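Both complexes below contain chain A, partnered by chain B and then by chain C.
Right after this comes the complex of A and B.
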């Protein structure tokens, strides 16, 4: 097990390095940088620009360095918890992002939990009650859930909650808790406001999970060992839970690799629609104003979130399934 | 011990006078013969036809893509024609009977009043104004495909009247016409994107599956890294990197290329694993033993067997591109006016107040969902049909 863990961790390092390189290349892509945009803006307003001051700022932010030097500086900084400087806010990135990263993480992991909690009973039910009316209804609902783009669902939900309840579901917590230190009441308010976004983001993932669980469980239920168990007179519920269910559970954990990027993507755009104070809206504005270090740290954070999530799922899978542990971690 | 059969249980002794045909068991009915001699593609078609919802979806998609060719004629108004007397007018329902008398499809004229208390525009039906729709008529001028000057429309409002079947937007432009024009952009984004993604996916997946070894490992790693990026933020970052001074048409191609560039990983994996599996099949070994060249094996035996699968998975990834474009345009990072897609139309309804006051601005959601659903069903049907020899 420890052997497997070490190997898995070693594989993660080049992946993270490649991700950081791609991220940095992307945020470097737009022609010009924040300063040149800023100067152009000042000049268009007729203000004088002190060439010496600009040169000093360029030197200060390392904008004159060649690409690889900038990259290495950025990478080196990140190891020390220094994520660069946000030009728009005039603050170090780590101070700007504040609670947002934590809220993004809470949102993503609650959604994963929601997906599991909802998909599990429904998937098991529709596999054991195959081709009944309930199964067909659930399949149809799943298809609808899979096809509905989540930000549109968010818009439609916003409309209907406003029409029927007259409340706004936007925001991450009650207004009176904003800026307050964390307390139990604040946490409760956050969870209240989490409900709608979690449902909106989790719908398509849940639908996909139900379909996979149903297919997997059906495969297992048709195997001979289940027939044998039944023929021996094992109670049906026990014959379901003891082996087939355990086998069918694997995709629940193995699929996090596909589920997490999807959820993180969904969270980004749904947060914009519902104006949640997570990374999504700030990433959008940072991209629009070419605030490169801020945008870069968000991208890096979101990608690392999925990488770490996949790592955790692989470890959980290895604990759950001895075959993976012993055969060197070929999970997919 | 012998078994004695009682006399009345004995089967009568019969000899058939007909000549003996030793192949009688193997003879096939005409139907069976047709089935066994049918080509692979014909079998797929038969199987696809059994999936009723998929056929229906295919028909709907075909109709939508056909409409893209003649969007200008189908739309009752021009893309940019403004009706500044009717800003944010609600949808006008079509009626058939007026005062118990059959008139044919018509709409009631709109009465406009500015509510001085809350400064809201209020429109009411004016029952005195019956404005029958005209068909195959001359209306707003447009340049057909940007080339030919024309003014023919499938339907237009009565002379001097209005026909905003889905309402108007904040500039008084007809929503129905804009949605019809938006179809052209939204649907083609998926097609161009998938063409790029297919080319990349088949090439890289083919190299990985065929050569194996180092190339395979490098490509697998690349796919893993790309897949661990959440799609949307990456799309956002890339489209924000498109230069601001590009023309809208260039932006359109830029966006499709971005969508295609990040989507090929799934296809490449499918191609690779299919190639690896097919290489081990008996028919492939047989062809090798018969002395076929690798080129012939790939073209003649491997390609046809996995092409159908690839087409099916490509179809299933078109909706994610359409959604990607919609999401980007909705956020204001994608296409820009005057290019009009469903996402661009939806970007006007970002504000919750707008959505509550003028819910018809949310209507472009409907075609998006219909198309995504249709592509999903169609792709599902294709996938089931892709392997006609399995049961």
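Right after this comes the complex of A and C.
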């Protein structure tokens, strides 16, 4: 086990290096740079830009360095914990991201919790009561959730919560609480604003999860050992939970690897629509405006989380499922 | 010292400018009234009383027609699209050494007076007792610091003096006459100095020396400075100084300012709070120190949800990120959410214009496009009325890309030259050119037999552009010209125009649709690569002949000659004449085909907010968006924000 861990950790180094090179190259691929997108945006708002000033900025930001220099500077900085400079915010990247990470995590954990709480019982129920009216209804709802475009649902809910409940549109809290110390009222406002994103982001996740759980569980329920267990007179609930449900859980554990990066980048589109002060929209706008160090550091962060997440889920699987072996080689 | 009342500070522009002598701002007759929100701080001796805070010669404002005096207080909520929009407060505050009035005339503002001799020698008189927002006096030392320690410091300004200070290679001389008087003088006339000082993104020729010296290698203790640099994780003291000295970017809450509101929030943040500057230099005739509104709270949200949030009543004053197509949505919720939607007018020469590429690479196309009859025919074949009715509900102005009605240089002839819808005349012009061959579908052919299909390229980030082009396509079909629309990514779009690959493009019209004889006419002559109708010539001029192509078209040459004459001219009449001639040539030669101008800009105003004009022009420069209407005079009838 220790061997395996060390090996996996060592493999992570070249993986991350390769990822850093590729992401950085891709960020640089579109024509132009941060300043040209910046100028374009100003022009579309009717502002004029001084060309001399722009040239000066380009020099100062080091945008006219060759690609490999930019890459190496960035990489070297990262080893020292310096993730570079965000042009958009005019601040070091670490200062920009810090604030938003907490809110992102609150949102993601609430959403994951919502998804699991809703999906789990429904999935189990519809697997055990296959083809009943209830199963069909839930399946229909699930598919509806899966099929509705998230951003549309977000907009519709946004409009109605505003018109009927007077919740301010978008954001994580009412404008008057921003920058204020935490209080009960502020917490209330945050929960009020969390409702829509959690439901919206949750529905599609819930639907997917119900389907997967149902399918996995059905596979297991038809296996002989379940039939045997039942035939031997095992209580139905125990016969369900003891083995089949555990087997059906494997894909969820394997999913942890994806879950970690999603906590950071998750639901970018919905967050943009709802203007949530989370990291997703920030990543998107950094990519759009070619704020390369911010975008690059973000993607590196995501990549590291994915790599760590995959490792964690592999270990968890190995611990939970005795059929999985750490060392490759020929099975049987 | 001269007694202030004897001074006649006139903007004596050597008899060139038709500006009236600028009123001497006398000491207010009425007693000053303490601002309620600052009364507690004054009582606690944290702030001096109002009479000691305003300069001894404050600027006593005169209300424009329809504006009325108000009461200080209240919070104004507005929405911004990104943290860097904090610079909007520099536009809205619009405190400049000299500033535009509503009629686009210039009047001293921070400066008490500016004496001008021959457009060469500018003497700036400061207001005695004027203070920075931290209470430190604002004096000539702040100008000297900028001149000696910023503009002429190789590390802080590696590219040398700001371009607006260098006129045809001539640098100014700077003199410090007394603690309240400085003088800039050139050997040649500097026609743009005052309008640069008044610009929306102004030329700052002063800086808060007392604050910035602690970050300047010349003044600071090296060890302390080194610590500052390390704390900010920047490359050196120059980078640190440049970052902190950002009066326009306005993202440093520690930087003292002269604006009506000063930033209180340290970025990054979701909401930026601006509070009143207790040392502001303007007062109203009743004796209230301006601004009326205590705080501005700018919430940063995604630009795409700004219209929705505004419709939900979450902004007290909003125009940015609202487009004309949001109008009906905003109007629908106006009564429910207690706001009004006003339609102002945008200030571009044209909101949308077609740019025939005179320096296109293809020799056949080049010949066709350079024929003035072709450009006139295209303009005549465009049904502007239809565009106006279909896309802008008939509320825009139909006509060329030229000076708007509110500009002193407006001429109805320029607006309408070759801009009436007349397909018969267009057909006739095209036939005269010899483009009579047609293909099977009745479209005309180029002289070399290729189909005459114009591909109009668009940067593709504005849905209106494609809508408009669809309409243009229909009307051009009548004269046998086929139009195809190609949207590309903006950077690709520009590069294709620059390299001459694109035949025609659609883009915004002239940046300044409200020129005065003092504004630079550079955008009407080939001076810049970004001018899509002649980018190669512009590049040639801009690079001093190192890149691009020399102008080889008489009328374009004429424009450049006129522009050079304008720069060298020191007479107001001559400049006006040159401007008029340049606009007339542009209109008559149809170098750009304007499609619609003065498109309405929705401005959402809280019901209780006073002094925001009903009808006005929404423009970047001159205008500073709201700035020229002086938001420091806006006030709330009842306290808003805390219902």
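As a working rule, the second predicted complex is superposed on the first by the 222 of 332 C-alpha atoms of A that agree within 3 Å, B and C clash if a C-alpha of one lies under 4 Å from a C-alpha of the other, contacts with A are read in each partner's own complex, and residues count from 1 in each chain.
Heads up, the rule we're going with is that contacts are C-beta pairs under 8 Å (C-beta built on N, C-alpha and C of every residue); 3 or more make two chains touch, one makes a residue touch a chain.
Not measured: the values here are computed from a predicted model.
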Touching partner for A:299 - first (chain B), second (chain C), both, neither: first
Which superposed partner A:82 touches (first chain B, second chain C, both, neither): second
Which superposed partner A:40 touches (first chain B, second chain C, both, neither): second
Touching partner for A:22 - first (chain B), second (chain C), both, neither: first
Partner chain(s) touched by A:152 [first = chain B, second = chain C, both, neither]: first
Touched partner set for A:162, first chain B, second chain C, both or neither: both
Touching partner for A:272 - first (chain B), second (chain C), both, neither: both
Where chain A meets both chain C and chain B, residue numbers: 30-31, 155, 158-159, 162, 168, 170, 272-273
Contact footprint of chain A on chain B as seen in their complex: 221, 224-225, 227-234, 236-238, 240-241, 243, 319, 323, 326-327, 330-333, 346, 349-350, 352, 355-356, 359, 362, 365, 368-369, 372-373, 376-377
Complex contact set, residues of chain C against chain A: 77, 82-84, 158-159, 162-163, 200-201, 233, 239, 242-243, 249, 251, 265, 267-271, 273, 297, 299, 301-302, 304-305, 308-309, 312, 314, 320, 346-348, 459, 461-462, 489-492, 495, 508, 511-512, 528, 542, 618-621, 641-642
Residue numbers on chain A that touch chain B, as the complex places them: 14-15, 18-19, 22-23, 26-27, 29-31, 143-144, 146-149, 151-152, 155-156, 158-159, 162-163, 168, 170, 257, 260-262, 264-266, 268-269, 272-273, 283-284, 287-288, 290, 295, 298-299, 302-303, 306-307, 310
Residue numbers on chain A that touch chain C, as the complex places them: 30-32, 36-37, 40, 43-48, 50-52, 55-56, 59-60, 82, 88-92, 95-96, 99, 155, 158-159, 162, 168-171, 175-176, 178-179, 272-275, 277, 281, 285
